[in-house]
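As written, the chain order gives the labels A, B, C, D and E, with residue 1 at the start of each chain.
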Amino acid sequence: MNKKDLLREEIIRRSGVNPKKCMKCGKCSGTCPAYEEMEFHPHQFASMIDSGDIEPLIASESVYKCLSCFACVERCPRGVEPAKLIEAVRLSVIREKGANRMTANDVPAMVDEETPQQLLVSAFRKYTK
Amino acid sequence: MQKITREQLLDRAVALLSDGTVNSVLGWQKGEFDYDVTPHIFKSADELKEGFVWNDFCYANFSKYLVLKTDRIEGKLLVFLKPCDTYSFNQLLTEHRFDREKVYAIGVGCEGMVDVNKLKAAVDGISSIEATEEGLKVTTIYDDEPTVVAIENVLLERCVNCKSKKHVAYDELMGEEGEIIDSARFDEVAALEAMTADERFAFWQNELSKCIRCNACRDACPACTCENCVFNNPNSGVETKAPVTSFEEQMFHIIRAYHVAGRCTDCGECSRVCPQNIPLHLLNRKFIKDINECYGDYQAGEEVGMRAPLVDYTLEDLEPGEVLNRRGEDA
Amino acid sequence: MQRIGVFVCWCGSNIAGTVDVKAVAEALKSEPGVVYSTDYQYMCSQAGQDLIVQAVKDNNLTGLVICSCSPRMHEATFRKTAATAGLNPYMVEIANIREQCSWVHKEMPIGTEKAIILGKAAVAKVNLNTPLTPGESPVTKRALVIGGGIAGIQTALDIADAGFPVDIVETKPTIGGKMAQLDKTFPTLDCAACILTPKMVDVAQHEKIRIFSYSEVAEVKGFVGNFDVTIKKKARFVDETKCTGCGDCVDKCPMKKNPNEFNMGMDNRPAIYIPFAQAVPKVATIDAGACTMLKKGKCGLCSKVCGAGAIDYTQKDEFISEKYGAIVVATGFNVISMDKFDEYAYNQSKDVITSLEFERLTNAAGPTAGKLLRPSDGKHPHKIVFVQCVGSRCENCAEKGKEYCSKICCMYTAKHAMLTRDKYPDTDVTVFYIDVRTPGKNFDEFYRRAVEEFGVKYVKGMVGKIVPEGEVLKVQASDLINNKQMHIDADLVVLAAAIEPDKSARPLATMLTASMDTNDFFTEAHPKLRPVESPTAGVFLSGACQGPKDIPETVSQAGAAASKVIGLLCKDKLLGNPCIAGSNELMCNGCSSCERVCPYGAITYLDKEFRMPDRTTKIRRVASVNPAVCQGCGACTVACPSGAMDLRGFANDQIMAEVDAICK
Amino acid sequence: MQVKEYKPLIVAFCCNWCSYAGADLAGNNRLNYPADVKIIRVPCSCRVNPMFILRAFQRGADGVILCGCHPGDCHYTSGNYYTRRRMAMLFSMLDYLGIERERTRVEWVSAAEGAKFAATMNEFVEAVSALGENKRLEDLRCKR
Amino acid sequence: MKMSYFPGCTLKNKAKDLDEYARKSAEVLGITLEEIENWQCCGGVFTTSKDEIATKLSSVRALMDAKSKEQPLVSVCSACHNVIKQTNHAMRNDSEFADKVNRYMSENEPYNGETEVLHYLEMLRDKVGFDSLKEKVVNPLKGKKIGAYYGCLLLRPNSVMAMDDPENPTIMEELIKAIGATPVVYGMRNECCGGYVSVESPELAKKKSDAVVANAKAQGADMIITACPLCRYNLIKNGADIPVVYFTELLAQALGVKEAENE
């Protein structure tokens, strides 16, 4: 298997999602609250992962824009679960050595009086290994 | 030792007879030895007081008797059912084999029944047996001091692997209701499945070669209640009373197991009555295990009116080849 | 003992080229029961058949074995030959030595050896053959149509026009069904009422048609040609024979605030009502749940104003029994509930409606008298969003939507969008679609007109969320072609809700022993070749009860179902297939295994008295096969543990004899 | 001395509507398969009683194959679904008794699949031939 | 009735109110919340990836602790609840995952998702009942028009959370009715506030939060309640001009275990 196919297999296995189930209706992207911020949109994740076109997704900021709000998962008529695909790609990125997007040093700049711990914890989980 | 006493059952039977609820009682009768307990229809209180027994040897499953007996008696018949018997009771009702209206069923709690063969193997020359809290106190013709045998060591296979202490049918329950048990009854089947085909063949050839075709298994089986067994029916094309071929001889156990597949409640009577001690229940349990694995858990007799798995299907059922090879190519 | 004749065909060189036919004829001569054996060049030719007839007469043959081509080719031919020779046609067996022997094997010795074995198997079987006669049953020349929508109406009219009496059972107070609620019909845009109501009048006036409105099928017994049906006429508290449909009672009724089903609950009707002006029968009905007279014994106004004296508060449900030869199911469809799709805010805003509600909003007889006004505030909507595939094509939301395509939505949405733009050019109309599916005569042209001539905006993408905010509906959707997210402040949103079979279909299917798929659509006897018949003989399917359909398709299927019914009712007697199952009552346990596997519901049980060997009698439950219903598959024979159930023509001993002959 | 080539005895039960027609089509197209295969026509695969199969084995058949319409295409709508369960259970039991699984098979062959019929038979005969004579079922009750 | 309680990190710091009033109110309603000893942070978000084990172990520990006490496990914070419930679901339904976790934990008895996981709201609805809650209300919050803000974590994915209709939830509305106020239903109540993205894209979070507040106000709400500290933070930080409070505060107020604030 070539590298492209390996990556595709890896993402599909990790996410537990079968992108072939997608019927390309675009409801995920219709429902996505972070759509405007994303270079690639949820339906493109499904379609590009299915066709093995994953490198552009890895290189894109889009993986960090997903809010993990699961609206796309809930509303997909075909049970494709795009958020899980995005999560799987994001893990491919941050599991690379030195690819952490955030470090503890960044924290002071981000917090204010009221910042709940939950925010930092979640952000760390999303942005770092 | 059974928690319910003979007297409790007796009193209740006598009461039901005297108030006219029932007009005869299907119960266990004392035989020549303490371990000889035979089914009997009692017609009167006196007869009951004289002969009725309830002890660790009341293994007979009465359900099958109802098919024949309920037609022959006036009024209602009282029957005592252990938890495992109630499954056969329901299965026979599902198959319309007797009239529920003619039966008054008392569910009796059961602590497990004794395998006489095991007991005999443990103690030679039994003259009398007494059930005690410690176990069976067995007096022999050789010793003055009785031997105490722990009941766990001499239980019937079906009781060792008891699948349910819960009664699924009764008009009245005596004793406490138990639970369905997550038993290890399929372990032996699984062990056989894990063998190679050659080993399995050797196992079964060894076992089935012992068969003397006495028909005891068929006669005791509560699922084998056919008006006329295919093997006795000259038009079935398989009957071999005039043995031009040995078809019946060779295929009897396979066909019998297939005919009761999906209907067998795993009551274990077949193995219990086999004079050659062939573990026939392992054939039936194989079907039950396969059915559970391929078509979802199914316990025959759990409810009246259930659709047996072999008269049912789903569009997504496994193909025969997939069933055969679901544990990989042959071991 | 049979006297069997064996006839080996050469089929020119087709068989004789690979099979030594003379050797076959010779070898089979010594088989048990064979008294005559010969070969001939073409057995199926007139000369060959004459040879067989002569041989039967000369040798007093009782059974025939023809070693020839496939029985699928000439079994019927040789059965007729047997009949000509005075034999029962079912005393013939074919050994297939062409397709399954000479044509697939190359060497003469091998072909010959196999042909002999196949011949022996056929001889062994014929030895056990018995004469079979097809059963006959009479046909009641009356049809029942269940459902009074356009499907039921068309079927009933076609059957009645052929001269057979028809009864229509309709659960609503009037016939007309969904089509009566529609405004215009695609792709021609003729008004639904204009084409439907004359048909409804035809039904009402047809001397061969009776309408049981406000009625349900309560029980079905019997079988093809001989159904016994009980119809429950629900109490409507109005004497149908007296009511003139004048509507005085409707005007006077004080209980005016009940949701009007005909207008999809978008306005109200009184407790006594006539669903719509052209209702058939045009008779009032009292809604027992809303009438104070029926609930509390107070009021009685309708009775007072009724000049015809038709009001009867004491009316009870009535049960009518009738015999039918054929039953047509035409129970139709409904739109699914939108409760589980509240991302579209159907439950949060009155201005999110289904397409069927939109039909009523644009219908001249609807709640707004045909003016397109928003349900919330009665204002004219200037921005309308249509959402397609709501609840259709859902893979994993069985409890929410449906897996199938509802088929009609693309076209009616195009129609709604086009009509809106036509009538209100100032209205902006956007349709969100996944695919536009328009296979049908003039369908795609219609959709293109909506886009090109009427300026409807079609966006490939799906609405993800609708949020009511103040007076507007904030619609968020994807535009996949332009790769952007759209935000529209709409005034009205129309959801193309999936359609599903009417809820009454499942219990009805059980009564009819007709099979259904997992979506509760009735299954056809064959998806291609018998699309309007149910696998259950005598039960026919019309309209959307079989699958989503538009009006033209429904009407053609309705006509097809009618022609099948007419074909059945034309017969005085039904001849069955004689190769059917039969139960040996002496061996039957009455266990119901066979009944459970029978796909046709052909097996019932009887309590029968048997004399026992000891001269007592015993009543036993035994299976009985209805020969008119059994199709002869044999599923029951294997389910039967005692072997009581057997199949004529393919009996246990016959197949066993074939096995033995082959394995000898 | 030349050893006589072993020829297996194969019984094929074919349903009238699909598989028997598929076998006919194989003939029409002159697709060869071994003459060891002998076909018995039944109305539907669900007519095949396990006893028929056992009888064939007992009488010396080396392999038994059952052919029916594809699931969903049964002429009688549901017959082959019952077949599927019955044969799955029966074959599993034979396997459990140590009988070689290659001796039994269910194959769905439509009336259009003449090529599949011939290929299936070629394959099945080959598989059964590899096993040699069927002794086990006969010997199951005769420990030597 | 005693139940295991998982407060979570935020409730021990910035959202002490959420914690305190949750416990006090529960006491009034006859439920003692027993805090799990040595609980560890849930991690804030559930990683859906099938190959993540370590990040889910803290939840498993809490679940096992509750199992050993044969108690349901209650949490108030939407995030904790989401992570714990999803982990529990995986332990119950994904045998491969459960095997790995159990091997890692190497406890005597494997854990297979036996514990019942409840959000505090579910506890109110299913264990207490809104009717009996209503009977205990001493200060009905009459006249308040309250918009419930669910956000995403409470409801989704519904196949796992199974708490309410994910598109038309009613559990908080029922609570609002029970404490005597008027619920305001608005479409954005189950849309995202921007979540953790506010650390790096505050402008995105602002857009999302604004839309929620605007919609709630447009539909007539004069107050928003939530169960999630992050939702509350985002809404307030982005300039909500109506009060955004934890539902437990209002509950405590209605049950008389919190002084009414000057309004």
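To be clear about the criterion, a residue touches a chain if its C-beta (ideal position, glycine included) is under 8 Å from a C-beta of that chain, and two chains touch if they have at least 3 such contacts.
Since the model is a prediction, treat every value here as computed from it, not as a measurement.
Student: Treating chain C as absent and keeping all other coordinates fixed, how do the remaining chains group by touch?
Tutor: Taking chain C away leaves these connected sets: A, E | B, D.
Student: If you average the C-alpha positions per chain, which one ends up nearest the average over all of them?
Tutor: Of all chains shown, the one whose C-alpha centre lies nearest the global C-alpha mean is C.
Student: Sort out for me whether A-C or C-E is joined by the greater number of C-beta contact pairs.
Tutor: Higher contact count goes to A-C.
Student: Select the chain at the greatest separation from chain E, using centres from the mean of Cα atoms.
Tutor: It is D whose centre lies farthest from that of chain E.
Student: Just curious, how far off is chain E from chain A if you go by their C-alpha centres, in Å?
Tutor: Centre-to-centre distance between chain A and chain E: 24 Å.
Student: Need the CA-centroid distance for the pair chain B / chain C, whole Å please.
Tutor: Using C-alpha averages as centres, the distance is 46 Å.
Student: How far is the middle of chain A from the middle of chain B, if each middle is the mean of its Cα atoms, in Å?
Tutor: For chain A versus chain B, the centre distance works out to 59 Å.
Student: Give me the residue numbers in chain D that touch at least two other chains, ranges are fine.
Tutor: 50-51, 55, 59, 78, 82, 86, in rising order.
Student: Find every residue in chain E that makes contact with two or more other chains and list them.
Tutor: Residues 167, 191 of chain E each touch two or more of the other chains.
Student: Can you list the residues of chain C that touch 2 or more other chains?
Tutor: 343, 465, 597, 639, 652, 655-656
Student: Which pairs of chains touch each other?
Tutor: A-C, A-E, B-C, B-D, C-D, C-E
Student: Using the touch rule from the top, collect the residues of chain E that touch chain C in their complex.
Tutor: Residues of chain E touching chain C: 165, 167-168, 185-188, 191, 214-215, 218-219.
Student: Can you tell me which positions in chain A touch chain C when the two form their complex?
Tutor: 21, 23-32, 35-36, 41, 43, 71-72, 74-75, 77-79
Student: Can you list the residues on chain C that touch chain B in the complex?
Tutor: 518, 584, 586-593, 596-597, 605, 618, 620-621, 639, 641-644, 646, 652-653, 655-657
Student: For chain D, which residues are in contact with chain C within the complex?
Tutor: 9, 11, 16, 20-21, 23-24, 26-28, 30-33, 35, 38-44, 46-52, 55-56, 59-61, 75-79, 82, 86, 118
Student: Name, in rising order, each residue of chain C that touches chain E in their complex.
Tutor: Counting only chain C, the residues touching chain E are 339-343, 345, 347-348, 465-470, 474.
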